[in-house]
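Structure record follows, encoded as structure tokens.
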């Protein structure tokens, strides 16, 4: 066996990390917004990395993208117009388009994430960018939401983690969620990726409290799913003025999946749905924490 | 921040590994059976490592031990006598004793695992070794089972992974499970840890087929749980001549927990139970594999 | 301090390696001949890596290039025509041209090494490729030498290590050196990089014996120099039909340097010369080894 | 090949490190003074590590110990009484005793370094602790020197690097060297290890200037030697009121070695001597630096 000599090391904390051996470096650039790397790894195949954090891998991306998109989309009775903030690699757009939407707008700040993903990991978008219903806007998602204008049934936040030195932190604040809520049609829902429920449960909890403050008691919730390349259960927080995804029964989900003609789900499904919403005691015990919410002045951060 | 200089690196594959920074090395010895290390890690606290594989950590051990023990114990109407093979650190024994058993026999091959765990990570056994109902035998579990003699209601296999160069492989074979079944009282159950359902799903599936061959169609099953320090969902396989743990309802479990006076569960519980048994499609699709079973002549192995 | 997440790890042995944190990946490609990587490392600046082995770094390249080129060039009374095999990054050519040569031919097998070095680490060639006296041939150095034709005063082998799976091994054999000697003018000299005198002293010794067999007793020698990025003393072997570089006095060297107008030497110089040729006892004790020489049928290898 | 799972990583800088695979951990303890680890490494055999820095390895310790001890000892006409500060593993004492001294006093602050080295790496002291001429004092070398009392011909500083958070820094100051000079007999010499001449040349230079300030212009000097496990050339600084080691001729050294009956030198010797004192231009250019010296109030530090 030959020893790998190129490694990508993702730290969960300064003393805990996942090492990925790299077969080939396909793309690497420092853009105006972040470092982008596309690696072909031995274990996970092609992998998109932003500022040292795994975003998506060919091998396991469906754990994440299916779990981010389907619970809220299926709970909405008729999601015609969907807004995706971030999501540059196209996996979220791909899943959204399976729900018979009329239009999906994706706003990503970094053209080079979109382009490098299309070129080097086309499996992620799988043609979604060529779908006539998709509109891709290169721009600042925060600014797009602040300006308002169009309205959507579902907003999906597929953005980078709220790192202390990164730009993502202002996409997890009370002000941001309030502006986003204003873009929702009646009965609409917003969902965001919300970091690890194990390594950064306090951050997950704070995002929950922030969304709840904007949408109101009983109108926000959290769930999580295992994502292999993240070494962890990965959390999602939603706020809704419509049906709560948590309350969807197996039969309702089955019917919605059938109705929309969705086939070939690989991880998420009507059976798995309830498990995503079953948070372990230590997570639910953490939810109220110190009661604080994230604001533009005092955002939330992941520890690393 | 000072840079950690001692690292324990656990490989899932030759090109994917988890690095753990070590604060202190508490114990390290090569015994007649294996390398034992007890590290105080920055992220997981005290950690027992055998032959380079994490066994238990202070911080997250309950994910594993609760999931290994409680599903089969709660499904058994009256587990009076329990046999644990392996389990040297005492966490499995600790959980078993909460079920009102009359006797729990633990057979571990390596006295030094038991002693070093007691000394350096006493939280794992939490006094279980001093319980009058516990009997610890230092000896070869395979030989103990082969000889037969005593009979048990539940047998719990808390042993090291079936590594190609390790001794564990012969504790996962048809011959072994047949001998173990012979030690069960009527209606008894055996459960074994069964490696990752992500990184080594073929190994998990082969253990399932092997146990099923011994217990018969419909009398074996698998489930899994997230274990943080294993970076993965971790699998368990059981075979039973009694009630199938999978079929236990929330109410039945609630009643059993109450009846036995079990309190303070941290991860597993009547709510979580069904999730453990909800395997994703890619795992269930892998179960039949090539149809082979593990035998003494041709055991199963983890890839690394 | 932010933690580096991209690392290049160069193994000296399977259990000893140097980790280099990478600031930027400038170029990475698998060519027909090898993997080429150009990294901008935190500690060594821009670095050319071939098949996982550091070749040259901006920060320390002069230790190697000055030591490879100047001892034999200064010992030759009038090196008008010089052949370089390998040397794609241009550092060897750069140093050769300082000796008032009429012509320097460089034969490197991989056009992409030459081009990527010129583009990403221009400091290495420092304009040498534009010098009218330089001729760059993209081709197989072994074939070039086998065919013969032109004759040279000095031949410099600046090629990759003789790795078991690499193409370099046949550039260190008796047959190759015999053909190379046939290309030398009367009184000519050949010098080759010859791996570490610490980590692979047996390989260094075998190259010495092989060159000695071709040039004759007393007409070959070895020396070494510290190269920081190689973590080691690095060896060179020469064979000559002219003056032995080892015998050059400080005054002779001083005169030659002055005569050729060489200024700005950074590591090598008339004072340092004798040190390069002072091999420690454990190296000289290793030179005869098992007496074997490297042949096309049985080449020599580095351990990793 | 099995993958190593225990690694010791020594950082030269936050982005450059040497990884050593560990076969066995023989001893590991946090004492009142420092972390001590004794590892059996695959590449270097048994290795003493203090606070994450390699001190000595079985395989390559002679590079360091011979170079630290012999140049100044041979330059002194009759070194009867020698003081070693630090040196707990005993290698320096071992080499000192070969010079026909009457008495060698070793003062190490940490009893556990002495004891663990004796127990786990007895090759380092090789019986020196049992020599009737050796006196081992467990105590603070700085305090020992401050108190004064006995006088010595040679003082050898074999202490840990001047790390910002470590206790070693106050053993490299003007005040310390002044006190040490007061303990020297007429014509005496002090020598200290002085960190890397490559990775921390500014620190090396400052130690030089500090010793020179105490001993006077022309009465201090520096030299260096390759030490494999340090990945670098390693520096030493001396100050003397007697003969300058740098001026010793090959013949004088040869005679002294013969006279004292020293045999079996492995790296250092009369031939190598001059090379140790031949510093490359970039080192000599760095010596004057900003002109500052290290004082108790403003000590010098290695970068990491």
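Going by the order they are written in, the chains are A, B, C and D; count residues from 1 in each one.
Rule of thumb we're sticking to: a residue touches a chain if its C-beta (ideal position, glycine included) is under 8 Å from a C-beta of that chain, and two chains touch if they have at least 3 such contacts.
Predicted, not measured: the structure shown is a model, and the values here were computed from it.
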Task = Moving only from a chain to one it touches, give the least number of moves from subunit B to subunit C.
result = 2
Key: Both-way neighbours, i.e. chains that touch subunit D and touch subunit B   = none
Key: Degree value of the rotation bringing subunit A onto subunit C, based on Cα positions, nearest 5   = 180
Request  = Average the CA atoms of each chain to get its centre, and name the chain whose centre is farthest from that of subunit C.
outcome  = B
Query = Using CA atom averages as chain centres, what separation in Å is found between subunit A and subunit C?
reply = 51
Note = Cα centre of subunit C to Cα centre of subunit D, whole Å, reads 34
Key: Inter-chain centre distance, subunit A versus subunit D - centres from mean C-alpha coordinates, in Å   = 56
Message = Which positions in subunit D are in touch with at least two other chains?
response = 1, 4, 9, 14
Task = Give every touching pair of chains, nothing left out.
result = A-B, A-C, B-D, C-D
Message = Looking at the complex, which residues from subunit C come into contact with subunit D?
response = 1, 4, 9, 12-21, 41-44, 198-199, 226, 228, 231-233, 265-267, 269, 271-272, 274-275, 278, 280-282
Key: subunit D-facing residues of subunit B, complex   = 2-11, 14, 24-26, 28, 30, 37, 49, 52, 165, 304
